[in-house]
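By written order: A, B, C and D. Residues from 1 in each chain.
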Amino acid sequence: MEFPKVFPEHDSWYEHRVSYGETDAMGVVYYAEYFHIFERARGLFLRERGMGYHLVEQRGILLPVREATCRYRIPARYDDLLQVHCGVAEWRRASMRIVYEVWNADRTQVTAQGATEHPMVNPQGKPVAVPDWFKALCESKPA
Amino acid sequence: MEFPKVFPEHDSWYEHRVSYGETDAMGVVYYAEYFHIFERARGLFLRERGMGYHLVEQRGILLPVREATCRYRIPARYDDLLQVHCGVAEWRRASMRIVYEVWNADRTQVTAQGATEHPMVNPQGKPVAVPDWFKALCESKPA
Amino acid sequence: MEFPKVFPEHDSWYEHRVSYGETDAMGVVYYAEYFHIFERARGLFLRERGMGYHLVEQRGILLPVREATCRYRIPARYDDLLQVHCGVAEWRRASMRIVYEVWNADRTQVTAQGATEHPMVNPQGKPVAVPDWFKALCESKPA
Amino acid sequence: MEFPKVFPEHDSWYEHRVSYGETDAMGVVYYAEYFHIFERARGLFLRERGMGYHLVEQRGILLPVREATCRYRIPARYDDLLQVHCGVAEWRRASMRIVYEVWNADRTQVTAQGATEHPMVNPQGKPVAVPDWFKALCESKPA
């Protein structure tokens, strides 16, 4: 996985409070939980631009995950406030790539980085080209 | 919640290995995880009787959860092997009640007890009376 | 489980956005997820009063869960905004009982109710009487 | 992420039944759940060789996750039986790389592939070289 050197222009910040249920017996956030956090971040990305993901689905576009990666740098602990930076790193004909940086509360350290790749599919599961309206949505300014 | 004094006749045993992801920063299985384990136990209960829950759904009966309870007695830890006893404690006209006992590996101690109540609903979400075939299934001997 | 007729005086409201990872194949929030949401609500209850649960732990008081219950009334779906009311319903010598009401976004309907019982234990796992400072904390006004 | 063309020699097969709690509103296993499944697979890998991960921890070696990746090929559904192939793909001085292939029940299709990288650290969190006994354990035959 290559992470972009410059964070993408079209972005959102999602603030996440670590719950006890997200920690494990090492006392830190369990590695799978970061993918839940990424999903919350990209959900906010769409919601901030005026169309929650369920509305995107209702317009006939589903965004399953084709690949997901996370690199863990600094463990997070219970009650930590994480600042999750999320942006669209790349458009392909029928898919998109979203990247994530998880920062600590005061945004001085990147504690984790991630990426997810999403094909666009219709409700029957067939790949479709990225619709113009969807790309425009993602490239709009958040409210 | 009242637990039955005698465990129900129609029962199954589900064996569960504790994963790291189920533990929390106290070093024990997080309380919400028991409800996942209960679901696995009642899924096995049906599968052992020849009709996995997805087939029950395909025949038009859904079993959402109306109430769920767990009493925690002895914490479970990573890699523990839990023996989960699951049985149908009660039938009502349009619902059923399932109870659970979580035992330690050698079945000498009950570490947790639980119960779930399930109305029968059709795919449109309307309550329906317990179908005879479903009750017969639950009262059959496991394969 | 008996729910209080009048919601407890010492309370907090926690706002929760439903993520995709919390839903299941029925299209609604999976029943075990409510216990994660309850934990977030009681975590906020303490944090709002100036001492996050990790600080309570550092002062030597742990609050494991002895019993947990949830009654499900109206399913929640992806992207729903839930308003979770959380309050201390009862103090015993060495334990407390917290209750929860999950409301829809505009607080017109209770969609779920729950309760958790927490013994106070020291870091060695021994029960201890409720410390005065802890009870005072819970009965203080949120910041 | 590069996946090995030939699956590693030192391997284990873990059988996983999909639960309802692992599915999401698309009706398939939620993407983060694969990392829980991978953890179960590598836990079994060690247990089959005679030393569960908690015993490895007791001997002073912790294996946090530095990087995790999953590529999703074919969705899994409720009650599916997954066959998870897990093996050690690479040793470095102070870390190891584990790879995973998730097969369908009859092992005719790879439905997902994954990899995790684990530094060896001591209980104080300091990196340590891979201990000989640990490498020998991983290269032993399963019981």
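Note that in this section contacts are C-beta pairs under 8 Å (C-beta built on N, C-alpha and C of every residue); 3 or more make two chains touch, one makes a residue touch a chain.
Computed from a predicted model, the values in this text were never measured in an experiment.
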item	value
Pair exhibiting more inter-chain C-beta contacts, A-C or A-D	A-D
Of all other chains, the one whose Cα centre sits farthest from chain D	C
Approximate Å spacing (C-alpha centroids) for the pair chain C, chain D	34
Intercentroid distance (Cα basis), chain C paired with chain A, Å	28
Distance between the centres, which are taken as Cα means, of chain D and chain A, whole angstrom	24
Residue numbers of chain A (touch at least two other chains)	20-21, 28, 32, 35-36, 39, 77-78
Complex contacts: residues of chain C adjacent to chain D	20-21, 23-25, 27-28, 30, 32, 77-78
Residue ranges of chain A in contact with chain C within the complex	17, 19-21, 35-36, 39-40, 43, 47, 52-54, 77-79
Chain D residues within the chain A interface of the complex	1, 26, 28, 31-33, 35-36, 39, 62, 64-72, 75, 116
